[in-house]
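Each chain carries a letter (A, B, C and D) given by its place in the written order, and its residues are counted from 1.
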Amino acid sequence: MALNRRDFTLASLAAIAASSGLTLAVKAQGTKTIAVLFDGLYSEFWVAGIQIIRDELKKRGYEIMEAISDQDDNKQFEQVRAAIARKVDGIIIVQTDSNAVIPAIKAANAANIPMVHFNRPPAQSDAFSVAIQADNQKIAREAVDYACTVAQKSGKKHQAAILIGDLGDPNAIQRRDGFQEAVDKYPDAIEVVAKIPTEWNADTAFAGLTNALQANPDISFLFTSSDFLLPQIQQALKTADKWHKVGEDGHVILTGFDGFPDAYALMKDGYMDACGVQNLFFETQLAIQAILDLGEGKKVEKLLLDPGFAITQANMNEKASEMWGYVLWKEKNPG
Amino acid sequence: MSTLLEVSGLTKSFFGVTVLHGVDFVVRPGEALGLVGENGSGKSTSMNILGGVHRPEAGTMRLDGQAYAPQNPKDAISAGIAFIHQELNLFPNLSVEENLFVDAFPRWNGLPFIDRRAIRAQTEAVLHEVDLDIRPSTPVARLSQGERQLVEIAKALSRKARLIIFDEPTTSLTRPEVDRLFGIIAKLKARGIGIIYISHALEDVLAVCDSIAVLRDGHLAGAGPASEMPIGRMISLMVGRSIDTIYPDRQTAPGKQVVLAVEALSQPGVAEKISLEVRAGEIVGLAGLMGSGRSELARMIFGLDRFASGTIRVNGQPLDDPTPEKAIEAGIAFLTEDRRGEGLLMDFTIAENTVIASLDSVAGPLGILDNKRIASVSREMGRSMHLSTDKVEETRVKHLSGGNQQKVVIGKWLRREPTLFILDEPTRGIDVGAKQEVYRIINALTARGSGVLLISSEIEELIGLSDRILTISRGEIVAEFNNRPFDREAIMAAATGQRAWEGASA
Amino acid sequence: MKIGSRALLLILQNAPVILFLVLLVVFGLMSDRFFAFNNFRNIIIQAAPIAILAIGMTFVLLTGQIDLSVGSSMYLTACVVALYMPDMPWPASLFAVIALGALIGAVNGFAVTRLGIVSFIVTLAMLFVLRGIGMWLSNTRTLMFPDQILTLNRATVLGIPSAIFAFLVVFLCAWALLTQTPFGRQVYAVGGDPDSARKAGLPVSRIVFLCFVLAGICAGIGGFVSITQIGAVGPKYGDQVEFAAIAAAVLGGVSLFGGRGSVGGTVFGAILIKTVQNGLNIINADPYVYPLVTAAIIFLAVAIDGTRTRIIERLERRTIRPLQAV
Amino acid sequence: MTITPVAETATGATQPPSVLRRLGRLMLSEYFVLVLCVAYVLAIAPFVPEILSWEVASNILSDMMPLLVVAIGQTFVLIIAGIDLSVTAIVSMSAVVGASVMTGTGGYLGDTAFAVPGAVLAMLFTGLVIGAINGFSVIRLNMPSFIVTLATRMFFAGAAVWYVTFHSTSSSIANLPESFAEFATGHLFGIPLTVIAAGLIAVVAHVVLSRTRFGRAVYAVGANPRAARVSGIPVERTILFCFLISGVCASVAATIYVSRMQTGSPIVGENILLDVIGAVVIGGTSLFGGKGKIVWTVFGVLFLLLLDTSMKLLGASLFAIYIIKGGVILLAALVDVARNRWLVGR
């Protein structure tokens, strides 16, 4: 055993010495690096978002260090520390949890590395960072509000269902709360009969919606907490023979959230009534500007708001161009 | 008379060590050859050669006059040679008929489906031949050990076996099952099937076989018709010297103090008002057939099985709701009949096994074990037990022979200096030399004042060792024999039960 | 006492079924929409993907192995279909998922039988690798499927919804394979006692290998059925499904130690789990209680099974003398 | 349990050259995974030279700690041939329970002197309770641990999310006392407190497993419960204790997580299950019981963390991390198999 240990120590020392030599040789120099730490790439919104940030930063000569925390706030904390260890020049982060990110901000502060929160603000604290905020709750409320007015105009009472995201995901909770605030204002027009948990899982969403339609065949008002569930909604409604356009008999008043290309297509085709849109282009622009300004030592407001908006059948024509999903859709469907 | 199998000059060595030196024997159709010898004498090697597991370096085998040189076990099977091992190779989760055909199901009309009707018919036929009255679709899990063995024989018959090799077939059978088995073997012989019968139970060998071959150290030590091979001769050929008695003389007389007092121990279906006493320095033999409740009694006393009513006292102190921990604490040691399954941790070293039941004695404050002490006590145990190796910290017990394993089990318990040692089949499956060693240890144990409750299927062993013999039948103590010399016939009669056997088993 | 426990045993023997009936009654009392032909059809449709997956898992579990990679396997095969064969007719896609699933199963089986790595580790590693490859191919985007696949969900075969039809076909094939063919019985033999199986000359490695291949194929088919339902797959598709499949099999009486269980039981287990979810949907339960109720029911079912085994063991304790009449 | 294969393999008829022999011996020793770690660092260092920096090393060390503590608990359970899938839920549940006790916004003991000790006790108690449920279900209800802990995992993961809704308006519980954060950030003699705590746990666990009666009982129960029972080992109690240890270890990990994030989040630790079991098994602990060591687990966790950290530093995309992680697990297992075959062959 003793022999072993000595062998081991010798071998490791030799190894470390050898690789240190290599290290010196390869050590990179010059270019600035920005860490881009996302929570997950589970919807088109994030995929498009990270793509834009990546392209923009590369255009400006930055190197990117990317990491996805996969909805694990501890892992994200470790990723921030890894970024700090790599002495990056700035961190753009989509945090998993608004409270749990505070220690990470403090660590970045201590290392003097600017930090920008993309899309979600952190909780209140004395740590300094800049947040780009899209107000999930407000945007959801506005979109659902429009749908409610449509429902009210129809003159009859609608049975409503909501597809709720993962209950551990703050975004899901905020969107649910926005929905709730909106429908609470129209007690005469809306009665919520089904709250369907999806765990952000397409399979669960499909089954849950199918079952809800079985229990409440009269559901005629639907809100999904993310547009990424639209294919499943479409499948379930078609099966239940409820997939009809606005104005047709049996149309289900459908409200989405995120502003996916799909969502735009469905709005254009008249299947969807409204969609809460986060202004992705605006947000990415704000984030990049903020991180650059911070890097140059400029003063930046702690909170930069993306008001977002609700795109509806009513305002679709004037607002579409601001909708990121429309732009992406347009790229794929030119002319 | 023609010969079925003729083996001549069989030689085999492993890693330069010759384990078979030109062994010859012959099996005639309709005859049973008994193959006896100590462990390591070459029995299993010759059988492995016969079964196609190993290939010999020299020597020939002829089956029905044809040269026979199996390259793998399949060759042996197709040549009509079948093995019935001590550990049965049946799948309890399959039915009887499926077990019979599991490696070669007949297809239904050439389709990849099992021809259920065909296997059922064939199974019924062979089951009938072995007098087993069960439905072919019965899961093997529901059969008793004896029934399973008959299924194995049926399997051999279904493959048109001409030569069936039994390896220790009776160790886990009840007496009626053994009788039934012997009846079947007789029937097989009558059909012209040759038998090779391997066993340490020499009486069984005599009862079954027509001729006997004795192996020692890879040599054929002697062979001849069974009528010319009394047990004494077999033993002296096996060990290479004549042995008057392998049982040591009892040096000390039992003391007065009662170390174990069992009173009215009852458990529905298992034991009925069993009462017995064991005194210090006394060996009490418990004679009974397999399935008579003898092992169950031991397990209940040791706290492994529950019982409904009755009391157990050790050294006068009541042992309430016994668990193995409590029983050990009270001074009971228990050598189980299942050495590999319960007696030892096979993957552990000798040292680890030695102290496993007495960890407190080698533990310091906070339960920290003293490894040096463990090593020294284990070596000491190895020496006093005449263990074959002194590398107690390196050798895993799975690499020891059966006899040495048994010594480790005994040694482990002796470390606790038990006031009562329950020995359930202490010499099962170990060779004569090791047996003697075990007897010597038991004797020494009583000299130190321990009481011993000895359970054995071998009446001779009980008679040779015990101060007193109790017979148990159907969960009741039916007779007590207090004085040497013991009347063998009377014990047998009591053990086989005054009342007719009813063979109740779940 | 004995008679009492026999009665108890009878109840316990059928405990999963009784539990299922109790669930039906409870949900039925809580919503009048529950007891409807359409609803039960929905339950079976929704159970189909997981049941098919669990049937494949049953083969692997029967041999005493485990396959943690089925969820990722589902994801990867779906990605391939969505990315590389959008314009192919659906039978070609189905064939592709089966072939790819078989290939993945073969890799698992090879690593387990030839390389001798514990199946838990092999399939754990594959869980990561396959999902990684899927994410790589799809660039972690949500992938959409062509209409010809989506419309399958509403198609019927002989009046039976396509998902149920696929489910029935897989179930019948698996059942026939396990109970009526030499291979099936040998699967039980290998799982019951691999050493004896080897001694009996059974091709143990090949059987285990084939079971992994079957699990891979079932993962492909189950994934395909699920695609027709949900229409799009994201990078979380099939995540943790392996646990659901194992739970379904164990609920149906499959032993994790091999050799015991049946596809019928597995299917029952899958339907039981889906019934719970369906019932909770139907009665519009608080979203927070879903995992609690589901977990509690799985726990209860398996606890009953454990107790049953213990009682059977006690009853089958060898009796050596007749029992007095009680 | 202290013999190494080395002793047996040291003698051979043909002696290869000394360096090779030593290398071979190292491959066969129980430091094998550590050798892999060094080899990995060597291989990756040219691409991420930072991995050899003091800062990264100390990051790896502190990132290791919570995972290590959970893995130590898991080692006990694996040695008795069980498995504890519920550790992630224990982490989550303990985290939110602890946070709900000490949070300044409406915590049970918020803003009192007992906030921190009360919370720590509550967390440990949570781990103990869930461990007890697992343990009793296995020994009393005769359930396979895989399913028991699968069910408790599902249950308590859900319960943790629900629990937060009663104690916080957001999806996690914040506003925890400053003094509690010091556990994650503080140092003693220049060593992080968490490292001291986890190190202490590792040392105690190592001593318990390798040098005590209880440790022997754990191995014996894992190797053959029937034989262990006959030898007077309290089999059921040993099994129960292993699950309790696993539960408590998971809740200790929760204290580290909560402290470093200063947040009680119901999803913390949700994703670590496969890492934990993977690390323990890579270390060499058998899933079939009876074999395993704490040092092995330490090496296994270190190996996984090295892998993770280097990927982070490389900024590897998620899919690359998945593929490489899976590939390396497979490779490690393969090398281990080859190594064992070689061992047996000699």
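Methods note: a residue touches a chain if its C-beta (ideal position, glycine included) is under 8 Å from a C-beta of that chain, and two chains touch if they have at least 3 such contacts.
Quick caveat, the model's predicted, so the values are computed rather than measured.
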item	value
Most remote chain, CA-based centroid, reference being chain A	B
Averaged-CA centre spacing for the pair chain D and chain A, given as whole angstrom	32
Inter-centroid spacing, chain C versus chain B (mean Cα positions, whole Å)	43
Between chain C and chain D, centroid-to-centroid distance (C-alpha), Å	30
Chain A: positions in contact with at least two other chains	41, 167
Chain D, residues touching no fewer than two other chains	161-162, 318
Those chain pairs that satisfy the touch definition	A-C, A-D, B-C, B-D, C-D
Chain A residues touching chain D - in the complex, by the definition given at the top	1, 3-5, 7-8, 11-12, 15-16, 18-20, 22-27, 35, 41, 64-68, 70-75, 77-79, 81-86, 96-100, 102-103, 123, 167-170, 173
Residues of chain B that touch chain C when the two form their complex	73-74, 77, 89-94, 98, 102-105, 107, 112-114, 116, 268-270, 272, 291-293, 296, 305, 474-476, 502, 504-506
Chain C to chain D touching residues, read off their complex	111, 115-118, 120-122, 124-136, 140, 243, 246-247, 250, 256-257, 288-292, 294-296, 298-299, 302-303, 305-307, 309-310
Chain D to chain B touching residues, read off their complex	1-3, 7-8, 207, 211-217, 219-220, 223-224, 226-234, 290-291
Touching residues on chain B, where the partner in the complex is chain D	302, 304, 323-325, 327-329, 334, 336, 338, 341-349, 352, 355-357, 359-360, 363, 366-369, 371, 393-394, 412
